[in-house]
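Naming follows writing order (A, B, C and D), and every chain is counted from residue 1.
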Amino acid sequence: MSMPTGIFILISLIKCAIALFVLLTLVAYIQLAERKIVAHIQSRVGPNRVGPYGFLQPAADAIKFILKEEVTPAAAHKLLYLMAPMISVVVALVAISVVPIGGTFHLFGYPTQFQIADINIGLLFLLGVMSLGVYGIVLAGWSSNSKYSFLGSLRGGSQMVSYELALGLALIGPVMIAGSLDLRQIVQAQSHIWYIIPEFVAFCIYLTAAFAETNRIPFDLPEAEGELGAGYHTEYSSMKFAMFFLAEYVNMVTVSCVATLVFLGGWHGPVFGPPQLQLWLPVFWFCLKVGFFLFLYIWVRGTLPRFRYDQLMAFGWKFLVPLALANVLITGVVLSVMK
Amino acid sequence: MHPALFFIFGGIALAGAINLLVQRAPIYSALSLVAVMGALAVLFLLLGAEFIAFIQIIVYAGAIMVLFVFVIMLLNADVPEPTRRSKVAQAIGYPVMALLLVELAGFFAAAFGATPVRTGGYLVQVAAVGQALFHEFLLPFEVTSVLFLVGVTGAVLLAARREERHGAAPRATRVHAGVPTRAMAEALSVPPNAMGGAVIEPAPQPESEPAHARAQGDGR
Amino acid sequence: MIPLSYYLILSAILFCIGVAGFFFKRDIVSIFISIELMLNGVNLAFVAFSHALHSISGNLFVFFVMVVAAAEAAVGLAIIIAVVRARQTLNVDRMDLMKL
Amino acid sequence: MHPNLHLWLIPFLCFLGFACNLLLGRTWSQKTAGWVGVLFPAAAFVDALWVVSQWSRITVPYLETHSPWIAAGPLTIPYGFQLDQLSLVMMLIVTGVGLLIHVYSLGYMAHEGGFYRFFAYLNMFMFFMLLLVLAGNYLLMFIGWEGVGFASYVLIGFFFRKDSASAAGMKAFITNRIGDFGFLIGLFFIFDHFHSFDYTTVFAQVRQMPVEHAWSGLLTVIGLLLFVGATGKSAQIPLYVWLPDAMEGPTPVSALIHAATMVTAGVYMVCRSAAIYDRAPLALSVVLATGALTAIFAASIGILQRDIKKVLAYSTVSQLGYMFMACGAMAYGAGIFHLMTHAFFKGLLFLGAGSVIHAMSGEQDMFRIQALAPGGLRRYVPITFWTFLIATCAISGIPGFSGFFSKDKILYEVLSGQHPNAFWWAVGTIAALMTSFYMFRALFVTFLAGPETAALSHPTGQEPRAVEAHSVDAGFTAGHAEHQAAHPPAHEAAHPHESPASMTVPLIILGILAAFGGYIGLGDRFENFLAPVFNTGVVLPTHPAASELSVSLISISVAVVGLLLAWFYYVKNRQAAENLKHSLAGLYRLVFNKYWIDELYGLVFTRPLAAFSRVVLWRIVDVGMIDGTVNGIATFARGVGSGLRRQESGNIRSYASWVGLGAVVVVLYVLVVGVR
């Protein structure tokens, strides 16, 4: 650590600002992409009025969110009602801070990374922060003091706690192979082979659990609009609702990033050309892979129906968790045999 | 930077703990405890215990306390009625607490006042934790696993519905508009008078008099 | 650079607040929460000693405390649910069938 | 290089069988339980044979030490096993005969309840017996010793619904406890002086000690104490009383435990401790005298028994006496030789008796059997008869059969060995005469046709208990009642039948062994094989008072005379037996009632003990002191409790406050006083 503390804080702040900007923009356009793609899957056109091909639709949405009336139910627990969306969005944004998206570059003459905080147990940090996301949902549902919200939050809470287990266990296998919890080292370890190949089962488990963690179709029981209004955020409006919305999409980005880092070799890809290109190509590969996962999310949403709740819990506990445990066991045995 | 971080997060922990004590609704106590845990996780990081710090977040804040919040929601635990049954606790509670604190703090200050703590003074690698856990502490680890399994099994058994086992029909779910908490509780088929506030005494079971006894009474 | 005793005193304070919570809280869930606070206080002391003694044992003890706390929370909360179902109250002052 | 024999595996296999049957047997069919029960001893036997095949490759004694079992101060006791010539022979006898009797039990116990329990117990017995003979130190041997005692107890009381069976079990157990007490004190002496229980360590030190001639000598005392244990386990005077009652157990149990193996544990132990006894001639003379007296005493009781199993029981006591005579004459090899042949022929006799009982649907009284089997039982159960005949010849010492060689050897050693004693030789020879007489009596009465008059089968005068009870095994439980229901009742029209193959095959195998087993010992080969074990450094000159041939001739003539007498009284001229009985009525009653030994013990020991217990221990100690103390404490506690219960408010928070206060006090105490 030869970097002076002042420079360190400055660089970090710059990176935070860039990440926040990129992320928020990205979320807005993922939303647009989702609407367009789903529309095409369903032989519709999708939004096409605001701007060319509807490209300014996110901006219009944002303005609408800001200008809508804020409604707070009379029977709500005010403080918690206010805190719940904040918790959701803060947790979602904090999680992204340890995700590395490329190699090392120089800023102000100091080497630094394509990553806000390079910590050596990044994966553990991610799991820890993501496990806190459940508070947002649970508190939102409870503090709204409405039965739809309440049922939605109960569902969401138990679903997230349950699938977090499978999610964490699925990540253990690659961690065992890489021998590190440092996301950078995990990516380095995949320079020969992406872990999707030896750990394909873990990858499938991770993907499934990640869908459940982010409450996306086919696991969107907490906000199943057909039965619960809008689930835990039924009573929310305007920017508070937008925060939940934001949190969901940021979470999608986060889990896609983790999937890329742990299973798809992170920023590995063909690197060539001049030094500047060599610096940015890995970032490009990384974004490409993340984009693939995001597309997958949208694709699945346009394709699959929703689970029934008991099926969801049974699937998580009786299938995914045992499978993940078996995967850990087999990985361990194979590793010790090969060693 | 270390003292600053210590005082900031130590202060948060302390404030959370005090808030836990003074809040009367359990949900706020539980959330205060989550705050305490988060602050403690940072203190653990300062003390070089990376693994424990994040396990603190994942297990304590992310799992155990979620469970608490769940149960609080499920039972709709609200501000309890202000009973003052325990004269002993009222009389000796604060003195005992203060005495214990003075004793412990005095001892710690006297015994460990000179031992310094520095960031990076001792860093516990995750790998080292794993090594110790699966070599030196293997037996406790396995025993704890068994304990955990037994605990989970017992919890499932305890929390299982009695009615279903006896084959009785499940309570019908009625929706009362206007009284959401009541409706929620019924939806979860928790007795409505479990919701804090005034405790309703369970209705006395009507004595099922033998038919012939009643007939005799009528005869007289 | 601060003395170890600060951490230990903080842990003692947390523990004592937990004890006080046990004395003064009336609903059973809060009492349980107070117990968790006591455990957390003790954990801080463990980690602090682990740091001071350069020994990994303190860390591992915290790990075991957490696991046991998890098991305890599962069983304890299940018991609470069962008790509340049976006695229709969360107030421990009302749960006095054992009294004279 | 030693091959690793894994001796522990042999008892452990039996233990596995025991565990399997005890834990799972309840859920198994009778067939499965039986085969599991047989399979594990069979495996143990095969393992034992494998050990024999490795014999030439090991140096004897082969020691095998596993982890320490007890380590406390100077006392270290490992799980140690020892294999030498002696334990090899014992191991083969136990596993071999044990296996045969397990197979036999498959058939014999087929109609009984608790089949799995029976095999579990039998396997447990095998486990402890093998532990006993393979142990490398006295304490492990003692574990086996106690274990076989326990196994014997549960098996004697196997039909626990029957009062007499459970009483007999308790009698055996308590009598054995008396002996074990002596044994234990002997062990304490050993440890006190040699600081070890290992055979090798102890005997190495014993070898350094001179021969003692005083009653107070250490080795003499140890020897006598150990022998007290042996009298209990091996049913010698004065502790023999349990063995006849032990016939309450199922017949295979009698064969395995109370004839072939367990009761010989005492002999084995004395032989194992040869180094000690060789240096304690006074102890040896006690062994010799006890053995000889037991031999003749039990034989004389056996003459007049009516229950076929009781005859065999007293015969066992008597034969064990012979073995101790051999030990007393320092002819340990001859003792072990007789132990082996005895295992064959007495196991065979019991199994034959069991087969007879099986055939007669539970009848055990020989004279009733004779009366119920028209034309002699021999016609119905030929295999049983012939094998029984072989065994009878063997035990009686008819030349050519195994018992002849071993018994003759013992008598010769007593007369002219290292401790020659013509008097005890004469006693032994007379006992041999009696043996021949009562065994052929049993054979003739059981198998040959009797006189048609029923009067003869019911002797006048004393109506013996055994007849009233009409058999010990008869209708022992629902099992044989079913058996009787399946066949016509024995009293109306007996249809005696030969036993199934699972019973006859062991009979035949044992018959072959009983007939030819003695030839192993021709030319002292057997004793020479065992000699290294008994080479204790003490060699006394022998006193060839007579040639071996002349002693043999006397033995042969004695056996033949016994045979002829039995034939005369019980086949040729039954009236002569009746006349003789009336003319010697007093003696007859004395012997028939087994010298009233049980009654004597009752009068001398049991009654005073019971009275003492009642008056002193119960009225004064128990009611006055113990109950008084307990009640006083209880009253006190109640007083304190009624004062303290005010404190039990039932309020959780109050309890917590008290706990907190206590914690404060404890912490204060620790801070002020410090931790010591």
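Here, contacts are C-beta pairs under 8 Å (C-beta built on N, C-alpha and C of every residue); 3 or more make two chains touch, one makes a residue touch a chain.
Every value quoted in this text rests on a predicted model; they were computed, and no experiment measured them.
> Shortest hop count from chain A to chain D along touching chains?
Step count on the best path from chain A to chain D: 2.
> Which pairing of chains gives the most C-beta pairs in contact?
Looking across every pairing, the one with the most contacts is B-C.
> I'd like the Å distance between the centres of chain A and chain C, where a centre is the mean of that chain's Cα atoms.
33
> For chain C and chain D, let me know how many angstrom lie between their CA-based centres, rounded off.
About 63 Å, centre to centre.
> Would you kindly tell me how far, in whole Å, the mean C-alpha position of chain B lies from that of chain A?
30
> What is the distance, in whole Å, between the centres of chain B and chain C, each centre taken as the mean of its C-alpha atoms?
Chain centroid spacing, chain B to chain C, equals 8 Å.
> Give me the residues of chain B that touch two or more other chains.
51, 63, 74, 85-86, 89, 93, 96-97, 100, 104
> Quick one: which residues in chain D touch 2 or more of the other chains?
649, 651, 653, 656-657, 660
> Where in chain A do residues touch two or more other chains at once?
none
> Give the pairs of chains that touch; include all such pairs.
Contacting pairs: A-B, B-C, B-D, C-D.
> For the complex, give me every residue of chain B touching chain C.
2-3, 6, 10, 13-14, 17-18, 20-21, 26, 29-30, 33, 36-37, 40, 43-44, 47-49, 51-52, 55-56, 59-60, 63-65, 67-68, 71-72, 74-75, 77, 80-86, 89, 93-94, 96-98, 100-101, 104-105, 108-109, 111-118, 121-122, 124, 128-129, 132-133, 137, 140, 144, 147-148, 150-152, 154-159, 162, 190-191, 193-194, 196, 199-200, 202
> Could you please specify the touching residues of chain A with respect to chain B in the complex?
5, 75, 77, 80, 120-121, 124-125, 127-129, 131-132, 134-135, 138-139, 142, 145-147, 150-151, 153-154, 157-158, 161, 164, 168, 179, 181
> Touching residues of chain B toward chain A in the complex: what are they?
Residues 1, 27, 31, 34, 41, 50-51, 54, 57-58, 61-63, 66, 69-70, 73-74, 126-127, 175, 180-181, 183-184, 187 of chain B touch chain A in their complex.
> Going by the contact rule set out above, which residues of chain D touch chain B in the complex?
Residues of chain D touching chain B: 649, 651, 653-654, 656-658, 660-661, 663-664, 667-668, 671.
> For a test of understanding, state which residues of chain B touch chain D in their complex under the given definition.
The contact residues of chain B facing chain D are 85-89, 92-93, 96-97, 99-100, 103-104, 106-107.
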